[in-house]
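Working notes for the structure below.
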Amino acid sequence: MTKNRVGFIGLGLMGAPMAANIARAGYPLTVYNRSADKAHGLSPLGAKVAETPLQIAAQSDVVITMLSDAPAVEQVLRGEEGLLAGGRDGELLIDMSTVSPEQSRSIAIEIESQGWRKLEAPVFGSTGPARDGTLGIMVGGDEALFQEQHELLSVMGQDIFYMGPMGAGTLTKLAFNLMVAAQVASLAEAMALATKGGVDPRQFSDVLVKTAVASALVKRKLGNLVEGDFSAAFPLKHMHKDLGLMIDTGHSIGAPLPATGAIHELFTAATARGRGDQDAIAIYCLLAELAGLTPDTSSPH
Amino acid sequence: MTKNRVGFIGLGLMGAPMAANIARAGYPLTVYNRSADKAHGLSPLGAKVAETPLQIAAQSDVVITMLSDAPAVEQVLRGEEGLLAGGRDGELLIDMSTVSPEQSRSIAIEIESQGWRKLEAPVFGSTGPARDGTLGIMVGGDEALFQEQHELLSVMGQDIFYMGPMGAGTLTKLAFNLMVAAQVASLAEAMALATKGGVDPRQFSDVLVKTAVASALVKRKLGNLVEGDFSAAFPLKHMHKDLGLMIDTGHSIGAPLPATGAIHELFTAATARGRGDQDAIAIYCLLAELAGLTPDTSSPH
Amino acid sequence: MTKNRVGFIGLGLMGAPMAANIARAGYPLTVYNRSADKAHGLSPLGAKVAETPLQIAAQSDVVITMLSDAPAVEQVLRGEEGLLAGGRDGELLIDMSTVSPEQSRSIAIEIESQGWRKLEAPVFGSTGPARDGTLGIMVGGDEALFQEQHELLSVMGQDIFYMGPMGAGTLTKLAFNLMVAAQVASLAEAMALATKGGVDPRQFSDVLVKTAVASALVKRKLGNLVEGDFSAAFPLKHMHKDLGLMIDTGHSIGAPLPATGAIHELFTAATARGRGDQDAIAIYCLLAELAGLTPDTSSPH
Amino acid sequence: MTKNRVGFIGLGLMGAPMAANIARAGYPLTVYNRSADKAHGLSPLGAKVAETPLQIAAQSDVVITMLSDAPAVEQVLRGEEGLLAGGRDGELLIDMSTVSPEQSRSIAIEIESQGWRKLEAPVFGSTGPARDGTLGIMVGGDEALFQEQHELLSVMGQDIFYMGPMGAGTLTKLAFNLMVAAQVASLAEAMALATKGGVDPRQFSDVLVKTAVASALVKRKLGNLVEGDFSAAFPLKHMHKDLGLMIDTGHSIGAPLPATGAIHELFTAATARGRGDQDAIAIYCLLAELAGLTPDTSSPH
């Protein structure tokens, strides 16, 4: 069976290795990125480089977007050189960006009015699984359409879940990210409390890794804290964006999120104080400052 | 070498199996519990039953307390039939209850003024590890004294940590429990958000267990949620008590805990609404009610 | 000097008396409301009734909008019968709705690209001042334009403030509303705390009105609480909407709002539980429920 | 009728003028303060100076305490030179300190077991009303006892409320202070939001004073903000203490206080960062720092 022609838009830290896996799996691939140099990195794998989203639409059966937020998705859709200016009837958009259910449904309505179809398919897992093709993928939209695309999604992910109609995939992603944010923030609060009270951070870490709260995430972030390594695996500003989407979604559908609301404000502060490009666990640094820990004692390493 | 005579006060769900392990390890053991019937359960293992804390003091070299809170500890210390009314000079109290560092130091000062010595040694792990002697134990107090008692502690626990001076053990316990509370509360918020938004709770659970947030604790509580099982492994009211200690400790030592503060108020509400004897994960039920989920939809099973 | 022809869109509880004052002041007035019956209520004052926003644009020099939120404003702007489908070059929109600075600027950009001009002019004060023409009005936009319209605004308001460029008026409104929400929510928390602890609500009210916290707002809401009157002067769902705008604005501009974040989640819960059409002070009822106050005791009257 | 002999303990900013009013009203007065120099300031008004609380007990029919917190009250009660070491049967303690209902009842039980009687009578109003004898006084305890002491209380206060049994007076005080803290914190959040968004602080202040949220407290604190005057009328650390009592009381009696919980953590941070001796409105400075406002822009004056 002939493979669908795939277009891929958004070649960031996650998108680039995901697109590479598609190329390696033998799909005819055209790629687009706002800064074109990233697109050319895919050329050795046989990918064609488009100069506009419109060209992607023309050369693809399925278009995948992996972008930073909903406005970025809307930007590639609209305008004279946007996706929607081209595309054949029934062309499929698989949006893998993290957006809110409301945004996802709004985009679906917009493109379906132009004859396109849509699946939402946000992911969990960071750059490692993106490279290895072992991401988790949470899909929302028409189930038959999902089944049709399962093979393509399997090239990028290992655990692929059909969650329900449009919005169910993005909601699952937000609810999962809520737990990521809470585990990061609570680890930071716990470390600040222990450190301010005189407990040695390494010893505290040695205890925690033995306990039932030691998820893979907690273990990784504990390592960052002990080493004082705040380089971004998942930038704080992205988690801030996602926290905003959670709060807005809870507001819209009527689900109060008191702990998440408090964490959101912490991340607003950390972003305002210039930590947006550090890893999310740099929220510890903010809490250490709030606790009046001096520079000598505020970093646990 | 002759083994120390051990007294054990507080034979609840945790204390009873811990005391049993001490008896089995060959320590001469005397036990006391406010309701005496629980004490007699230890007799088949050779434990003597005391009728007052005072008798425990007289018949022991080391006294262990495993009680619900600091006032309960103070109650066994004070009064005409209390521990402090007896005891030889240098007698040792190992308090394994979860209390705040401030309370622990205050108790230490009180009993040291009467010639006693003290270690604090709160634990992590629930009834299973208590039975198997595989608890984690976080010790604060004099390090030489800790070394002397290592063998006795090893009878109850597997991972035994010396954390520093009096207060360091209880602070570590509170900081760890902070993460327990946050993982429970954030799981509840995530499940309420997903359920209110129409995602199937079992499917959401199937996703979560594959992710980096799936600590042993999260997996266990997810099972409870999906089965609708809110019988208490760790009663909500105890977590409420511990959250209060965290907030008070953060207040005293100057460590702000914004997310924990929000979670504390949630637990105040759940306790006020009669859920104190359910498991801590019943905080989900409160959030489901707040989200306006009807009885039919509020329980995810 | 000939008076400008004024168009008024949005004849709700606030808009209707505001429009009436404009008619009485002698401005040629055309009005539009989605449900036309409200528009006809203005006819006795000489107002013409338009059937579409487009007709308003054609018959006015200045168009005033007083609508529930930004999407409602966008709806009257767009489409074949929308304001922007008509209007002469340089026609002025004065948007008096409560929207966020970001939404206000976005609307300004949209209509200026069509040759319109814009002022934002949200108000404080409820139906009484709307009727009496004694509202407070906080204006953002071009200062010369503000000066030109001062006479028209004076017909509706008594205290008229020029706050700065587009966004400054709406931000001032949100910051003021933040304090309204906090005074309402803290009164509710205080009353729930006192009532749960056995203090008589009327006595508590008698104390509060004598103190330095007794703003006009607090006094009015205390009256509602003591009488058990939760009929809406300012509906809870509107305050919920405004709280969402505050949180989003704090997120965007980098101003953390921890107390407001907690209050926002409370209002999400109250709305989800069906209290959106009650007055904002019905947040007390939610807190009373959370405190486990029985129906007999939950209402302080 | 012969006037009771009054003892007064605690001659701080509030206590000194209150004691002076008692002396001026013709009550035989003995005073005690930990640092004796403050006590001698009352001598010109005819007050005798005691060297210990024990001496106060011996020379008084009624003893008034106006101290910083419950431990300070307990300290004057206990010990060989404490109040309880002396005093005749039925001697009366009127504790006017701000303590929690739980602490107040616990002190009552302790002193009643020694034959004393007790009223709690915390106040509202600051140094001005203390000097003018126009404080508000909220009394809890036996009502007949309250009636007996009304005349004495009237010397210090203008609005004197009998709130109910022991605990009702202190609970009323805490619930009132909850609103003080919320008005201060929300003013700070509103000012930080407006300032970060570019609104001029003086203009914002000019708007606010015209609105329904402008309580006497808000007006006074707005003045402080605009002048950049953070000298303590009510020290931030005292409000932090009171917030802790509110949270503990809500925890104990089952009244969740989500907004207050968030505000409490803010005050923990401000105290930890060295602002405890500034006025409570210095919470604005913390929020301005969190918003990333530079020193030039963080102070609105």
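Order of writing sets the chain letters: A, B, C and D. Residues in each chain are counted from 1.
By our rule, a residue touches a chain if its C-beta (ideal position, glycine included) is under 8 Å from a C-beta of that chain, and two chains touch if they have at least 3 such contacts.
Everything numeric in this text was worked out from a predicted model, so none of it was measured.
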| Which pair, A-C or C-D, has more C-beta contacts? | C-D
| request: Among all other chains, pick the one whose mean CA position is farthest from the mean CA position of chain A. | output: D
| said: Distance between chain A and chain D based on Cα centroids, please, to the nearest Å. | reply: 51
| task | List the centre-to-centre spacing of chain C and chain D in whole Å, with centres computed as mean CA coordinates. | result | 38
| remark: So chain B residues touching two or more other chains come to 196, 250, 254-258, 261-262, 265-266, 269, 272, 290-292
| field | chain A-touching residues of chain C, taken from the complex the two chains share | value | 240, 244, 247-248, 250-251, 254-258, 261-262, 264-266, 268-269, 271-272
| Touching residues on chain A, where the partner in the complex is chain D | 196, 258, 262, 269, 272-274, 289-292
| chain D-facing residues of chain C, complex | 101, 124-125, 136, 138, 159, 161, 163-165, 167-168, 171-172, 174-176, 178-183, 185-187, 189-194, 196-200, 203-204, 206-208, 210-218, 220, 246, 249-250, 253-263, 265-266, 287, 290-292
